[in-house]
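We call the chains A, B, C, D and E, going by the order they appear; numbering starts again at 1 in every chain.
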Amino acid sequence: MKGYLKYFLNKLGWFLVTMIFAFILNFTLPRLMPGDPVAAIVSRLAQGMSDASGVQAIYEQYTELFGTNKPIIEQFFIYMRNVFRGDFGYSIAQYPRTVADVIKSSIWWTIALQFPAIIVGWFLGNMLGALAAYVRGGFDKIIMPISIFLSNLPAFGMAIIMMVVFAVWLKWFPTSGGYGFDLIPNFSWKFIWSVIVHYQLPFWSIVIITIGGQAIGMRSMSIYELNADYVKYSRFMGIKDRKIIGYVFRNAMLPQITGLALSIGTMVGGALVAEIIFSYPGLGSTILTAVLGQDYPLISAVTLIITAMLLTANFALEIVYGFLDPRIKATQAD
Amino acid sequence: MKHTLRQIFRSPNFVVGFSIFSLIILTVIIYPIFVPNPPLQIIAQGTFFEPGIYVNTYDSFNAPSYTLKLDGADSKRIASKLNDEDRLAMQEWLVGFGIPENEIDIHDTEALLNLWNTNFDPTKRFPGMTNADRNYFIRLNNSVQGLLSTDPAIIAVTDEETGSLVETDRVQQTDYINVSQVANVRILPLGTDNFGRDVLTELIAATRVSLLIGFVAGIVATLIGLILGLVSGYLGGLVDDVIMFITNLFTVIPSFVLLILISFSIGQDQRGAFTIAVVIGFTSWVWTARAVRSQVISLRNRDHVNLSKLSGHSIVYIIVNDILPYIASYVVMAFILQISSGILAEAGLSILGLGPRTTEVPTLGLMMNWAMIYQAHILGKWWAYFPVIVTIALIAFSMNLMNTGMDQVFNPTLRD
Amino acid sequence: MKKILYIVSLLVIASMILTACASPATEAPVEEVATEAAPEAATEEVAPEEPASSEPADPNSLPRNETLYFNGQQWGSVVGWNPYSTSNNNGMAIAQQDNARVLMFETPYAYNMLDGQVYPLLADGAYTWNDALTELSFGINPAAHWSDGSPVTAEDVAYTWATHVKYNTPTGAANTAYIEDIVASDGSVVIKAKLKDDGTAVNPLVVQAYVSSNYVIQMAWTQTLEERAGGDATALLADTAEDVVYSGPYHKYFADDSKVVMIRDDNYWGQDASMFGKLPIPRYLAHTIFKDNAAGTTALTAGEVDVSQQFNSNVNLLWEQDGLPISTYLPEAPYQIGASLPTAFFNLKSPGLDQVAVRKAIAIAVDYPTIIANAMTNQSATFDQAPRSLMNPTAGEQALYDHAAVADLQWAGNDIEGAKALLDEAGIVDTDGDGWREYNGQKLSYVATCPNGWSDWQAAIEVVAAAGKEIGIDITTNYPEWAVYQTVVTASDQPLPEGYDIFMMWSDGAGPTQPWSRVRHLISSEYVGMAGNWNGNWGGYANADADALIAAIPGMTDGAEINAAYTELVKIYLTDVPSFTLMYRPQSFHTVNESVWTNFPYDGDGTNPPVPPMDLMDGWGVAGLYNLELVNP
Amino acid sequence: MTLEKKLYLSAKGVSKVFGFGNQKTVAVDNVDLDLYEGEVVSIVGESGSGKTTLSKILLGLINQTEGDIYFQGVKRDISSHAKKREYWKNIQAIFQDPFSSYNTFNKIDTVLLDCINMRGGKYFPREKKIELMKEACSFVNLKFEELTNKYPFELSGGQMQRLMIARIFLLKPKILLADEPTSMIDACSRATILDELMHLRKEIGMTIIFITHDIGLAYYVSDKVCIMEKGRFVETGTADSVILTPHHAYTKRLINDVPKIHEEWDLTTV
Amino acid sequence: MANVMLEVNELSTKYITRFQEDVYAVDKVSIKVEEGKSLGIAGESGCGKSTLALSLMGYYFPPLHYMGGDIIINGNKISGLDPDHVRKTVLGKEIAYIPQAAMNALNPTRKIIHFIEDVILEHEMYVTKKDIYERAKKLFETLGLPPEVLQKYPVELSGGMKQRTVIAISVLLLPKVLIADEPSSALDVTSQKMVIKMMKHLMDAGFISSMIFITHELPLLYNVVDDIMVMYAGQIVEKGSSHEMVFDPIHPYSKGLMGSIIVPEEGLRDVKLTAIPGVPPNLKKPPSGCRFAERCKYVRPECRVTSVPLREAGDGRVYRCIIPETELRENYAREEQKK
């Protein structure tokens, strides 16, 4: 257990350091953008005001509210303090809505969509890769290239093709939104069913592009493991192939967990774009809105939250990995 | 070296990938030589012209006319204006007007049109008839007027002095022209886009730019990764610690988020294709750095490096001669992946509206973005977006195949 | 002035700027109050506010044949229901524009953009001016009552104004220069215009526009609100006003990130015979919130949207190609009634652009048909159909100037040779043989800009740049982000920086003060040098004759005189070319899907007064709600 | 007899520590070593005993954490590249794995040319260089003509290792550090390598440090043997004294545990 | 004559590379091991000794392919049977294998006991996990391994311990024949000794009936096995008792091999080690004549053309050379004198 604890603390330390760094980046980068966001609000509010001093007064009020009149370092600490309280300030484009409120209404959709999709995609990809490694032959030569091709479709491309085919042509699924246009959220079967139906296209478009990449990795790992000495030994001990394949998959899959942790960032990027195509009410759409509306408090917060979610996912995966793979404990115990 | 290359070219994956990629590159190079049209030139007034051969109508009147007596020409002409659905709709209207259904033979075009022409009244409305229906019948009525006429169409010009029309020519229904004799014919194999640009020409130009973006991004990422990896791996110690710290940070901070943040903070007017490429490169060097570092660390203690040191070679010489060749295959593979992921990243950014600015060059991402803005996918204008998706996928696919092929060669454990 | 706001949102919407909340609040809210006013979580279940007499069978789904679905009005969730504030991002209930939404809150009069008339809503009969045009008065319909049952009174109107002034709301700030006071006298409302030194009203036009563009808000509720806000303007405006008392036929039923639903108030006063005589037909009005136009169009084609107020590109294909039961107000191009004039302004301080010849040459060389066909997918009248002037293409405005008198000055574009001749004549030629013309030895080289992501504007700007190249003027394009763009363009106290030589901005649409207000915004020199100029004339054009005419028109009563004045202004505009219109845009896109509902307004539908294509919620457009029928009853 | 000989290389209290904190490992712990002209000294240890680390310190490939190295009585100074180069003219090495000792991307001629360059032959005419290379090859019974323009992977392990010896022949260093030069070679070729190594030693009067885990081999080749355990020298002495009459328990165990052919291999002592 | 535990007749196997080339790694090898005896196989790397070990199992999977010959264990022929049948009834029960790199022979993510369960359940039905545990514990105790090992992951064990665990697992089902392929080559001398001791114990205590031990370390082989067989290029070149083989080899190759033995014994330093120049032939195209001809000091022209059969030299001793035993011995004596 000592080895594991050490591993855990090491990862936790990394997690925290990265969070801080990500936080600084998130704060700084959007603020490098030209243009004064407060001026943007104020000049809209100031329409119809004929005297310049009135505009100036409003401007000052808002700079006070947004804190842009303070030195950047001080702003940073204020921001940090507020974020710790869960207060991300006001959205510029949706003022007077707060950023927290905007995010609160979209984040659960994203979490509910992306994490299952990525995990299912990861799982299916691994199955496919393992099969390709084991079965070889036609399967390997046909299914693999197809899945590689699919995984190389850009995320939005996949989403659009699925939408055109299944929603516009075949009309099997709705085209957009998170639930039926004629429903109001509640806990009825009708509503839940509607949510499930709306879930399918975005879900599968993420899953399908996730599969290929994972399959390739898993295939290599499995081939590598299939050549391992323990496979030969287990065979000579009379263990049946099915069981050996079980060993191999488990062992090949373990490094894939780290692979998942590391590529989850890129996947989420693609998945956000897929959300946009389906007008799914998640963070992808929120980012798009924020980008187009030059809403930097919102961009900061969304990217920060995505980073935090991914880091947490990453962290969790690493912990699970350390737990599942006895080799980690052993190396850390030295 | 020759040996390795031969091995690589023996891998079917690599060969397929390489062929696709070469085909793309060749098209990008050769097509503009034969079709030197500026890719961003707006040639169409109107959006999303269908793929096809466009023949100048005016020129076609002046082209030599030939008489061809082809069976079924009339029925084709009629069918193009009046299909079965329209006939049923006419029947529906006529029934609504009070004509018994059994009196209407929708297959007898003449009788149907007679009945229609005598009865149709655009102001008439029946219960349940929507404005859309009404508009439809008016359009239908306009379209079937004179449908059965066998008279030639008359071409007339205005007499400049009297202002009256003077007949100059008659176009018979059996007149044909030979397309090769028409002065102005434009083939638009993929139609036009929302700006009225030739999609194929634009696509090829965009592919070129996207490939360049990929290359630049790849070069930037690979260079940063290579240098950091080499320095970190070879020198070790504090330098290694610092570089690895940064690398680890960049590993866990999602690159897409970073990409959004940086692109956003640069601002549109600063975002040229090159800048975007550099930004993409800057956010994707991490893997190369890690791979190079671990390779270098394992190489650093290899005996041939030690021997090279003992032979009095300098660090630079050792890195260039004794380390780089060994990691070259990894770096090339990483580079290939960076190119394809760079192209994908550009496309993703453009969809978010954070892509390169539009004015100078088309990119695959921007083509996609505009096709989406003008709703090509809903309107069924597949040529505006589908070829773009396929091109992106093919580029990435070919690169990945090449990579897999190379991987099998360089990673003996992956061989069967 | 407020029209601009409306057009902001219009353009913003159509350009996929999804946060079309270009709406002014008044003074800056103070932090803690604003926090308190933060809207509730959108996912929260919202029960119907007012237990109506007949509850729907399933409170969680909206029966398709009782619900009218919209899109394109609302982008992003609703923030509040406060009629005093315009920063509520509530496109259905609160949009105090020239044509105000009158579904929840009502104005005394409803403006009809088709005939330019106003029709009484809360008011009782037509308003009257006194002879000196200094006082406007009207009565209140005795049948009108609030949702709490109390009658709407003249005091409510007066108190609403008083509150606007007291808290210096945008409405207050915008009108105090023209309105002295609004008082209730004898059950009637009297609006006293602000007077000039000579005793005439500063601007009777604005005074009379007030009655059709500003809501009447209940005095009792206002007092509750004031109490809650503790007299603080920011708090007052940031209040979400979930308890608001209203007079209109609909009110809030549900709102979240995905939709806003309003339910009919079956006690609505308008069913009185003196008004509509019945209730509006749909029980629910639901607005689905889409992330972009594409999603909205998809839903429209799927029959999930009945009334679409968004730019559906190539809308005609939806019926011609796909055979969908979709139609627009006009059956043929331009499909919509054009009302605003997206315009390219010349920065008159840029070297060379101070020359009329250069400005005009660029303007006549531009290929407008391509802009209209490609950028607007033909949803704009062409300049053949509606010749270039300061007027929008509606019949009312077109009648206001003498077409023949300015015909020679107008141009339809694509006149490359003419443009070259014009430049040659002015001596602006290519002297050094590099293919570009020089003025004063300096190459004519300009940057044309519009905000990034505003797709149709960007397409238009590209065409302008192409025209420049044809005539030897080097025009390149640049698309700054909107935040940067608007900061630069509206700072008229600063000279426009390099890179803003030719730039696109909007002009006013239709409204009770039009076309006067549009003309003013396009060419009046009063905006030159104004900090935070959100009004117009961003290029810095000044013409004393034009200023004089603009000042005089509001006071004119004689039709011929007005006509002459407008003709003269058009002449000045077409001669000096301080800016040039690139296309026409509708006030509102009005595309309907008739798979469930029918009898939407269309051109020649025989309604009298004609119901304008204003999506059944703007001004007199609301009358359309009473005519709807189910396709399959 | 060693006393008259010149002290070539000596290590005084050399230690090497890797890592820090709780990751700290002491690879070489306070080692003293004296190396005289012409002798063959074996450093014997099992894997992980620190013998390779020590050899790298002696070679100057890594720096010791503590202690000093004296070369010909003078404290070694390898602070600059030029000084290292100078030092490496005097001390050279043959490594364990011939397959990884070559840069597979270079023709094997490069290895020999490098040596000629290092010995100041950079500007020799081509013929002279070839002659030198031929000489070196024939010294190890290889034919230069058969090797020139070949790549390392075209050679067998034995050939590669012999070429390494040819390299030393060209360099003529004062000290040769042979790090398990035969452990990757089949038994049949081992004798050849050892023979050539000893031949070379006689030829150029070289001192050899022989690093090995095989105590039998150490005994076979060396004059002096140092037994190394966990970074320390536990027993040092002439080959005969250490192998035949070991004193330290570790040495005893080591010798006892190696299978032999003339004596009974006592399995009970485990 | 004692019971023959393992009899192999003219066994041939080959590898098929990914380029579809055949490598004839084991060429008509015949072996006979009696009950209670152990046979050592020696040879250079690449001589086919490890492949022979794999081939003896009677269970083939790519890239190794069976070509011909018989394997008979305790009178039962196992070659040519249905692989699944072999797997269930032969592997582990009749014949067991200890791999070369025992370090990696255990699934790193499976506890030892779980692997043992897998092995036993594969061959026996109706056993409970508790029984298995008890059995394994007993076996481990008998073999001098701490039973705690059972609950550990392979990574938690030291190299020597891992190797001994593997050996214990291999004999779990009391196989008749144990094939050990370099079981101790990666270990330090002390661990090696413990492993050998354990293997000897297996034989003595009757866990196994006979053993084939493969290594390139001749001193070790000498100390472990009864008989030694020298392989070269996929063929047997000589076989005899271990003492004979080490001190009196007949075949020139064996002679060379034995002459390279180094052990830390007195007098070693005076011995002149022998060397065999050259490299073994390419087994993709094995030479038609004597495979050692290219490297042989005593080569004659006919060596290169005619294939050489194994010759009997009495007392079960065989060698593969054209030159008769006596002539070879004379040659050796002459050389001895030269020194």
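Here is the rule we use: a contact is a pair of C-beta atoms (placed from the backbone, for glycine too) under 8 Å apart; a residue touches a chain by one contact, two chains touch by 3 or more.
Only a predicted model underlies this, so the values are computations on that prediction, with no experimental measurement involved.
Between subunit C and subunit E, the least number of touch steps comes to 2.
If you take subunit A and subunit C together, the chains in touch with both are B. Taking the mean of C-alpha positions as each chain's centre, the chain lying farthest from the centre of subunit D is C. Taking the mean of all protein Cα atoms as the centre, the chain whose own Cα mean lies nearest is A.
Relative to subunit E, the most remote chain by averaged C-alpha coordinates is C. Between subunit C and subunit D the centroid-to-centroid distance comes to 89 Å (mean Cα coordinates, whole Å). Centroids of subunit B and subunit C (each the mean of its C-alpha atoms) stand 37 Å apart. Each chain gets a centre from the mean of its Cα atoms; for subunit B and subunit D, those two points are 63 Å apart.
Measuring from the averaged C-alpha position of subunit A to that of subunit B gives a distance of 27 Å. Of all residues in subunit E, none touches 2 or more other chains. The set of subunit C residues that touch two or more partner chains comprises 16, 292, 298, 301, 453, 481, 484.
Interface residues of subunit B facing subunit A in the complex, by the touch rule stated above, are 13, 16, 248-249, 251-262, 264-267, 340-341, 344, 347-348, 351-354, 368, 372, 377-378, 380, 382, 385-386, 388-389, 392-393, 396-397, 400-401, 404, 407, 411, 413-414, 416. On the subunit A side of its complex with subunit E, the touching residues are 228-230, 232-240, 243, 247, 250-251, 254, 324-327, 329-331.
Across the complex, subunit D meets subunit E through its residues 46-47, 156, 158, 186-192, 194-195, 213-220, 239-240, 243-244, 253-255, 257-263, 265, 267, 270. Interface of subunit C with subunit A (complex): residues 1-2, 4-5, 8, 16-19, 21-31, 34-35, 37-39, 41-43, 45, 59-64, 67, 69, 76-77, 79, 87, 89, 170, 173-174, 177, 238, 254, 256-259, 261, 286, 288, 290-292, 295, 298-299, 301-302, 304-305, 453, 481-484, 486-487, 490, 493, 530-532, 534-535. Here subunit B touches subunit D in the complex through residues 1, 302-304, 306-315, 321-322, 325-326, going by the rule given at the top.
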